[in-house]
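Consider the two complexes below, in which subunit A is the common component and subunit B and subunit C are the respective partners.
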Partner chain A sequence: MGKYVVGRLLQAVVLLAVVSVITFALIMAAPGGPAILYDPSITADEAERIRALLGLDQPAHIQYLRWLGNVIRGDLGTSYTLGLPVAEVIAHRLPATLLLSGASILFAVALGIPLGMLSAVRRNSWIDNAVTAISFMGMSIPVFWYGLMLMILFSVRWRLLPAGGLETDTVASTLKHLVLPAVVLGTVHMAEITRYTRASMLSVLHQDYIRTARAKGVKETWVLAKHALKNAILPVVTVIGLLLPKVATGSAITEQVFAWPGMGQLAVRAAYQRDYPVIMGVTLVVSVVVILCNLVVDLLYVYLDPRVRYE
Partner chain B sequence: MDNAEAAAEQQPSRRALRRFLRNRMAVAALVVLILLHAAVAAAPLLTPHSPEALNLLKRLRPPSADHLLGTDEMGRDILARLLYGGRVSLGIGLAAMGGAVALGTLLGSAAGFRGGWVDAIIMRITDAMMSFPLFFFLLTVLALLGSSIANIVAVIALTSWMNVARIVRAEVLRIKQMQFVEAARALGSSPLRVLFRHVLPHCLSSVVVSATLGVGSAILTESALSYLGLGVTPPAPSWGNMLNSGRSHIWTAPHLVLFPGAMIFITVLAYNALGDGLRDALDPASSRDSR
Partner chain C sequence: MGWFGNRKRALILVWAAAALLGLAAAAAAQAPQRGGTFTLPISDDPPMWPIQGGIYNILVNKLIYDTLVRYHPETLEPVGGLAERWEVSEDGLAYTFHLRQGVKWHDGEPFDAEDVAFTFQVWMNPEVPYYLRANVSSVDRVEVLDPYTVRVHMKNPVASFPVLLGYNMSILPKHRLEHLSAAQLANPVEFLRNPIGTGPFKFGQKVPGSMVRLVANEEYWDGAPYLDAFVFRVVPDVDTQVAQVQAGDLDMAIIEPYHLDAVRNVPGLRIEEAPQVNHFYIMLNHANPIFADRAVRQALSYALDRQSIIDGLMLGMAQPATGPISPLISWAYTADVVQYHYDPEKAERLLDEAGWLRGPDGIRQKDGRRLSFTIDVDPHPIRQGIALVAQENWRRIGAEVNIALYEYNVILQNARSQPPKYDANPNWLVTPPDPDISTYYAGGSPGNTYAYANPEVDRLLELGRATVNQEERARIYHEIQRILAEDAAVLYLYYPSEIRLVNDRVQGLAPVGYRDGLAWAHKIWKQ
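This part shows the complex of A and B:
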């Protein structure tokens, strides 16, 4: 088990190294440079000095090794545009993203698992058809449009909820701001969780032990709640792990729609402004979070299902 | 007569067609998609307006007889922009999917057919890419290298081939064990000929299914990028960038974002429903009820 975790972590480190090299190579290959060098108020001479100051006049491999050395010491560099340490900027923004992602996963699980179960148990009924239709729509709807539509209804028309941003003075105000983005992001994941739960439940319902339980006279509700549910829910845990990269992507887009002060917004702005240290830092941190959460989900699976063993 | 009919019944393609036609949702999706592609192709016949003609005197007008879906913040006709923008959005979706399928088939069949270290390396890369939030990478690439249509198609294809590769690999592994493949080998066919003539044609149905589903997700990705302002560059319309420019007017003119988003939604929904119907028809064993 310990060996497995170490192996996975080593793999993750290799993956992160590869990604950072590719991102860095792209930055080097891109025409032009950081936006601040093209500020019309500075002279060519000053631009040259800024370039030297930022180390951009060094050969690519030296720049990369310098960045890597700093990262290992916990220093992600300084943002070109904000003038603040990247680590500080990210630490400031990460909680909002984690809050949004966590809430959306919670919403997806809380709704997706019961819906999938219901759909499987009442297979081919109108409920099943309705649930299938809903999950189809959830997988096909463009997140940003869905967000804008809910915003038009709940914020513009009915004035029930704020149209974006995040104010965390009180719990109530945090929740008010959280509802719309979390539901928007959660719907997409809910659709997938519903489908997997349905499929998993259907395959469990065909198992011999279910037939045995029914044959010995166990009440149907008990058969479903105890025998079927417990076994059907296990594979769904792995689906949540597989969803994590999509959660990160979806949250980047949702944050943009709702002016949510998280990592996604930061990433889009940094990409526009070619704020290299922020681009590298955000890519690195988001990847680390996704990879670690994925590992936790896999370990959770071992804990939940004693039959699974990782060597 | 009876015999001929019975023989026709047994043709797998006939059976698949019949199964497909019985699936009302999939048939409806196919009809919607045919209409949609025809409308987009026939754009100049369907609207007298140009998608880029400005009229600042007629900004943000609601739908009317002259402008069936209203006008946007620069007084451009929204219907015209939807139709011409559809060419861009559907074109990018289809092209990106084509690239992803080509790449996925190539890598998946190499992994499945060669096995050994080739397989190990390709599948390790596939798994790594699937567990990675690639969207951040897309943003960076397009911001740095510029978001020309060729770049958008290339980055979407390069980041969405993994599903196809896994499916093709699994199919190749299954098919290469079959006796007719062994027979072809025994007759002295070269490995490449065995792969292209005997193994890959049998993967066609699963590739068609994942390609259909892939168009939907490619369209979603393109529209998300365009919405963020890193996709198709204005003034050329795409469904995503129409939403981007319309979002600041949601308080006064919600129709600016309503229509392009609805087009994306309907298109992706139809591609997903078609893909699902094709899977049920071509491969009943993996249909949604027995999966």
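This part shows the complex of A and C:
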């Protein structure tokens, strides 16, 4: 087991290197360049000077190796437009994204699993149909529209909640700002979890051991909660595991619509402004989180399913 | 030609009536009140460093820092800022600035001529990348005559110099920055954690990605601000900004015409139309042989239905443009130029006469070259709309017009390549309130992204720059406007108004575009 984890971590380093090369190549291949070079007032000489100062006059492979060298020494570089170290910029943004994504996944799990189970148990009833309709709507609704609609209702019309932004002065203010974006982001995840739980439950409910459990007189709720859910949960955990990386990446659109100061918004502005160090830094941090999340989920299987073993 | 259309005139009457009623009702209660916070959206985290550009940075800097010269909040004429007054020598080679006395930096240190001289050194230091360096390219040296008098010696006369000094060229505190190296001055991380200026608002707090809070500078030399605090909130999405103004979270947002229907009759909010030094136009790349032909440019201009763009896309919130100089700079503007009223028949005639004849497929051609080109456009709805109208208009006179969508960043890069890499592109230009447009029209200038070259224009631009007398300057720029119109150098579309959605409690906003008007933020107050 320990050997397995070490092996996976070594793989991760190689994977990170590959990801960074691909990201860098994509940045270089994309048309356009750092926004600071194209300020309408800037002269050609001045643009050249800035280019040299940022090392952008060097060949691409030199630029990459320089970046890599700095990263190995623990320096992610300085944002072109924000003027701050990239590590600091990310450190500012990561907590907001963790908060939003954590809340949205909590919302999704808390609603998605019970709804999925209900749907499976009452298969083909009106409840099942309603849940199915809701989850398909949740999956297909455009986030920017849904977000704006909730904002218009809850913030503009009823004045119940703030229209975006994040103020963390008090717990109450943080929660107030959190509700709408967490619900918007959570709805999409909830829809997925509901569908997976339903499908998984349905396949389990037909198994012999469920019939055995019922036959020996176990209470129906106990059948569902212990015998069925525990076995049905494995595919759902996989889905949640796939959602986990989003805890770090944030959702570009939701964060943009709700002016949420997180990683998604940071990534969007960095891409628009071609803030190369920030693009690279965000990609690196997100890759680390994705790789770690996958590892944790794989390890979690061992506990959830005794048949799984890593040698 | 009437500057205002009929519709416009009617509107003005309505406004006048409303204003009178409002005046009568409010006559008693309109003394400015103190207190309150004004909240404005910006698109990104501001570095708060005037050596860097970016509108989200510039707006915040206008409140923290001061410039030597400010623009009058109505006429945009240069008036005293940190420099109370100034004189220019007859040859235009020496500007003497008399500085205001008793001004203090936010940390209590006195401001004097050494700060001005130091700031000029930073602006002129080739090791420090400065986005407005072009504005000081003609400065030879700066001389401190006494603690409150500075003389700037020029290499050649630049008549627009005082105006340029008012264009976001903030004066920096020497005592906080003099020990920094050039590399550190490019990005003084520690200074920017608590930036110090002489402006009406002091830095208070920054929450990265969320907001910057400025507090009133009670000792401001032009009188303490009425507001207690000024907050800039990072809200990148304009639709969200509109929702936040409606929810009362923001006090003002700059909106697009397509928002108007949704917000026109919302109680507690008003819509203001403010003039700004800005024009929309379709850039043409003269490096493309098609556009090197003046007849083609003129024909495209005649074939363009500007009024339908103004009515349909801008919902009337704009005036037809006759050239690159804004009517706001009233002493230099002239409407007495060739005006391209929508006339597709005339456009076709011009093309016929120039030898561009319709081929079998209906597309005109000359010497084997088809009248076929691409409009590059960024995803902004208004500019996309302009591209679509132009495509439709120009198809009718026998041009094959494609549209290609690019990120704005890419559009800028292509325009600034030498030679420019595009055919046509709807764009806009915000300039300082001065008619000196050499940056954009002088042959070989990096801001001349149209590869336009006209020796007569070059000569006049140089003359206009070197002439100090305003009447003479006016004549020169009138001539330039006539030539640019006659040449159809680029296709001028309209002068857009800034449309702002404002909370009714807000009073005292300068009646010009907020890019210039925010220099008077200390006059804003809330009921």
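Methods note: the second predicted complex is superposed on the first by the 297 of 311 C-alpha atoms of A that agree within 3 Å, B and C clash if a C-alpha of one lies under 4 Å from a C-alpha of the other, contacts with A are read in each partner's own complex, and residues count from 1 in each chain.
As a working rule, contacts are C-beta pairs under 8 Å (C-beta built on N, C-alpha and C of every residue); 3 or more make two chains touch, one makes a residue touch a chain.
Not measured: the values here are computed from a predicted model.
Enquirer: Taking subunit A as the common reference for superposition, should the pair subunit B and subunit C be classed as clashing or as fitting?
Expert: With subunit A as the common anchor, subunit B and subunit C collide in the superposed model.
Enquirer: Counting only touches as set out at the top, which of subunit B and subunit C does A:165 meet: first, second, both, neither?
Expert: A:165: touches subunit C, not subunit B.
Enquirer: Output check: A:93 vs subunit B and subunit C. Expected answer is one of first, second, both, neither. What do you get?
Expert: Touch status of A:93: second partner only.
Enquirer: Looking at A:265 after the superposition, I want to know if it touches subunit B, subunit C, both of them or none. Which is it: first, second, both, neither?
Expert: second
Enquirer: Using the touch definition from the top, say if A:27 reaches subunit B (first), subunit C (second), both or neither.
Expert: Touch status of A:27: first partner only.
Enquirer: After lining up the shared chain so the two structures overlap, which partner does A:152 touch, if you call subunit B first and subunit C second: first, second, both or neither?
Expert: Both subunit B and subunit C are touched by A:152.
Enquirer: Between subunit B (first) and subunit C (second), which does A:217 come into contact with in this model arrangement: first, second, both, or neither?
Expert: neither
Enquirer: Regarding the shared-chain residue A:290, is it in contact with subunit B (first), subunit C (second), both, or neither?
Expert: first
Enquirer: On the A-aligned overlay, A:42 touches which partner chain: subunit B = first, subunit C = second, or both, or neither?
Expert: Once the two structures are laid over each other on A, A:42 reaches subunit C alone.
Enquirer: For A:252 in the superposed arrangement: first (subunit B), second (subunit C), both or neither?
Expert: first
Enquirer: So which bits of subunit A does subunit B touch that subunit C touches too?
Expert: 31, 148, 151-152, 156, 256-257, 268, 272, 274
Enquirer: For a test of understanding, state which residues of subunit A touch subunit B in their complex under the given definition.
Expert: Answer in residue numbers: 11, 15, 18-19, 22-23, 26-27, 29-31, 123, 132, 136-137, 139-146, 148-149, 151-152, 156, 195, 199, 202-203, 242, 244-245, 248-249, 252-253, 256-257, 267-268, 271-272, 274, 279, 282-283, 286-287, 290-291, 294.
Enquirer: Which of the residues in subunit C come into contact with subunit A in the complex?
Expert: 44-45, 47, 49, 52-54, 126, 129-135, 137, 183, 186-187, 189, 192, 207-211, 233-237, 239-240, 243-244, 246-249, 406-407, 409-410, 412-413, 416, 418, 429-430, 446-447
Enquirer: Within the complex, which stretch of subunit B touches subunit A?
Expert: Those residues of subunit B that touch subunit A are 128, 130-137, 139-146, 216, 220, 223-224, 227-230, 240, 243, 247, 250-251, 254, 257-258, 260-262, 264-265, 268-269, 272-273, 276, 288-291.
Enquirer: State the interface residues of subunit A toward subunit C in the complex, per the touch definition above.
Expert: 31-33, 35-36, 38-47, 49-50, 53, 78, 81-85, 89, 92-93, 96, 148, 151-152, 155-156, 159, 162-168, 256-259, 261-262, 265-266, 268-269, 272-274
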